[in-house]
Amino acid sequence: MATSIDLNADVGESFGPYSIGSDAELMRSITSANVAAGFHGGDPGVIRSTIRMALAHGVAVGAHPGFADLAGFGRREMHLAVQELEDLVLYQIAAVAGVAAAEGGRLHHVKAHGALYNMAARDDRLAGAIVRAMVAVDRSLVLYGPPGSCLLDAARAEGLTFAVEGFVDRSYEPDGRLTPRTVSGAVIHEPLAVVSRALRMVRQREVVAKDGSVLPLDLDTLCIHSDTPGADVLAAAVRAAFEQDGVQLAPMVCRARAGQ
Amino acid sequence: MATSIDLNADVGESFGPYSIGSDAELMRSITSANVAAGFHGGDPGVIRSTIRMALAHGVAVGAHPGFADLAGFGRREMHLAVQELEDLVLYQIAAVAGVAAAEGGRLHHVKAHGALYNMAARDDRLAGAIVRAMVAVDRSLVLYGPPGSCLLDAARAEGLTFAVEGFVDRSYEPDGRLTPRTVSGAVIHEPLAVVSRALRMVRQREVVAKDGSVLPLDLDTLCIHSDTPGADVLAAAVRAAFEQDGVQLAPMVCRARAGQ
Amino acid sequence: MATSIDLNADVGESFGPYSIGSDAELMRSITSANVAAGFHGGDPGVIRSTIRMALAHGVAVGAHPGFADLAGFGRREMHLAVQELEDLVLYQIAAVAGVAAAEGGRLHHVKAHGALYNMAARDDRLAGAIVRAMVAVDRSLVLYGPPGSCLLDAARAEGLTFAVEGFVDRSYEPDGRLTPRTVSGAVIHEPLAVVSRALRMVRQREVVAKDGSVLPLDLDTLCIHSDTPGADVLAAAVRAAFEQDGVQLAPMVCRARAGQ
Amino acid sequence: MATSIDLNADVGESFGPYSIGSDAELMRSITSANVAAGFHGGDPGVIRSTIRMALAHGVAVGAHPGFADLAGFGRREMHLAVQELEDLVLYQIAAVAGVAAAEGGRLHHVKAHGALYNMAARDDRLAGAIVRAMVAVDRSLVLYGPPGSCLLDAARAEGLTFAVEGFVDRSYEPDGRLTPRTVSGAVIHEPLAVVSRALRMVRQREVVAKDGSVLPLDLDTLCIHSDTPGADVLAAAVRAAFEQDGVQLAPMVCRARAGQ
């Protein structure tokens, strides 16, 4: 069986008059799109046209729920009651899923955004809330998240398919965590370095950590940060390298659906 | 065949710490619930618990989309491009439909809120936008709106079932329009008068207009204004009168589904 | 010199169609009003009419800034950068101060709301941000906050007058902190008990803590929670008790202005 | 007396993560800045840093109030009650004025944004609401608006100084109105044409209308549309042309303050 990987990016984060990202270009390279659901970014028109673009490119559509904090772009921690969070995520998944269906598609996955992603990765109550919202909508949805996280545990406990996510342009600590953005060298900007890391992540299933140690990493999906300048060029370079190397590019298949 | 009527009310309009209406009490009397979708009122938690209440009472769940104007409660006219409006309504219907499905129900109808209801009733481009959003989600959704309106025309042009709506506590002009709220006597507060009008609307299919003339009115659904003080008591009185008089209370059935 | 105390309450927290609190009644009893600034509650119309009411009753007008979280009423922790917080608070103080001036008044004090109050009480960077925003607007503004808090330290470091605040309807722990609301008995509902505690707080400058120990407490202002049902009746009872006991009711005077 | 003109631009319209306009560059060329007040655009941090930039460049600071419609950027008509509008504008002016004072400046003028500008130009009740809000804050504020408008009438009726505004990159109809944006040729993109029109507007006090007729136009201020790509270059070109031609660049002086 050929090695396969998914390339995902956060898209649809423009709002009203405000444009962010280069979604149209990214769609040519990625295989799954995390569509902002209207709370940390995105609006009904942006969501619909982004989904339409994704479907036209054969890109899998995911919901990208975040905190209701447009001014902070969902990147500021907010402390919600667990039930509040479940309802917030359910509403956002439901909206994106419904718009995807209206456009002739089907929601494929869910990836939490920003502070919610980070908080739920380390808090099993928040992770549980996200998973319960997904289960209420559709058990065949795939949850994206980091390796070794509460999100992974919560998804598996409920029988949801989980896609382990890596970051091609971020430095890793020896323990497998991302180097915090506040630390120098946390973000890798050099395209050749990014491409080389991406290939090693997929081919050797490992990454060289910040201290030079080699870290095993078994990934299903790689994230391209869409708000990095030149993200579309980087995504194209990574995709080209994979294609040349014979790596198959495809979104992860839900195990439940695969077994149908 | 026994005479049948639907009793609808706008519910789920509370927001965060702010409570409005007496939804729990109303659910005992109405047969269809228009659930605010989170833009003019409602929030993800309120929407979900309101839908849960409606389903527990066997009340048909509808989406109640409005303008994105919480401060004005969706009652202030806003002028959106037609496509903007279609996307706004699609998102709101999708969200409520998805939450209803997550709760084990199925979305039954759509009723536009406040200024959007009034504007779309008289503007065929806005009515068309609402109907297109509905068609994109589910052709079996029923559209609620006033008799003789652009909403009715747009629904029929697309083959959607339309529920002609009357107001039990509002005075009518001889031409069939509602007496504007700014005119004295526009709202009828006296419960006995309301009940008597409701019965005549359903039994004789007519209403006595402001000038005393008798107006034929062929209605499918009657609206109980949920924000009138005592709305729950009024709804109970209307329901009791119908039950005593042998009028069947049931939400309108979509012609397409009925014919399946 | 006669014993003097200030009675404050959070007011102006209604929003658009949503009404909360009984501000008109409270104004008869309190001596200072913390006016929600439009982010966790309040809107431009509510703010203006609340300020007008306060001025008509001779009640000192304060700004009550909170997190931009209407759905959570500013009661959910949000983690902002320190500069973001300073700007957020500055904007809110500026708006309320400007509306107060437009109504012929002058802003008297600032009291942070909800989660912001609690977080800034224990985090000197957040407390510093609030104080810097106040200093930028007007050095004669009084800051309200709990005894022994970072807010007190920050105010004194900048030479701002600080009003030490106590809560008449809350239980205290032996260490001077409020008993958390999640603990049974945290809120004292019995009016006679509240009045009796209020008198002891002001006359004996002490409160009986949860474990029966007597806690010294040197307060400048007492808060009446406006969202407790019957808050207006409670406020009237407390005021009447003070008047009967010869306690003078007046807002705290800024030391800088007093010394002019 | 040397001919003098003011160059104004709308600035501070970025929001949270969303950047719009090239404010830092524009500040080098304009003489007055209309700072978005946080409702149609802008946020507390953006407002403060924009004001700081303006003051550092000696640019007069104005408040730029708009409808509470971030998704529509204040460009969609909203129908508010007159009192609602007055309070909305008062709050926004108060906030910007307060932040300007906190930064050591003083608010100089008010210019309504987008749909509010256009609606108030032709509706005397809305124009009156804006003027009353200004009067409540500071009688020396200058109101910016189009010639022959209700805004001008309302300002003069209250004794406010009014700055008649022209648009250097827009085509005029023979009756003095702007050619609607939907009409081809409504916006003039060619920099030389714009500069030439600007000079003629100021030197000859006239503009060539769309049909070739010459229209007298007695302007106090010229607007550079900040959201046109290359607006900063255009502004620099216009400024350079004026400087070369001996036209003095300065914000309009309030007649009341001038007479002090």
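Note that the chains are named A, B, C and D in the order they appear, and that numbering of residues resets to 1 at the start of each chain.
The criterion applied here is as follows: contacts are C-beta pairs under 8 Å (C-beta built on N, C-alpha and C of every residue); 3 or more make two chains touch, one makes a residue touch a chain.
The shown structure was predicted, so the numbers you read here are calculated from the model rather than taken from an experiment.
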Statement: Shared touching partners of subunit A and subunit C are B, D
- prompt: Taking C-D as the reference interface, which entry in B-D, A-C or A-B shares over half of its contact pairs by residue number?
  reply: A-B
Pair of chains joined by more contacts [C-beta pairs], A-B or B-C: A-B
- request: Return the distance between the CA-based centres of subunit B and subunit C, expressed in whole Å.
  value: 43
Task: List the centre-to-centre spacing of subunit A and subunit B in whole Å, with centres computed as mean CA coordinates.
output: 39
Sites on subunit A at which at least two other chains make contact: 71-72, 84
Task: Quick one: which bits of subunit A touch subunit B in the complex? Just the residue numbers, please.
output: 38, 44-45, 47-48, 83-84, 87-88, 90-99, 101-103, 133, 136-137
- request: Using the touch rule from the top, collect the residues of subunit A that touch subunit D in their complex.
  value: 15-20, 41, 43, 70-73, 75, 227
- prompt: Can you list the subunit A residues touching subunit C in their complex?
  reply: 68-69, 71-72, 76-80, 84, 115
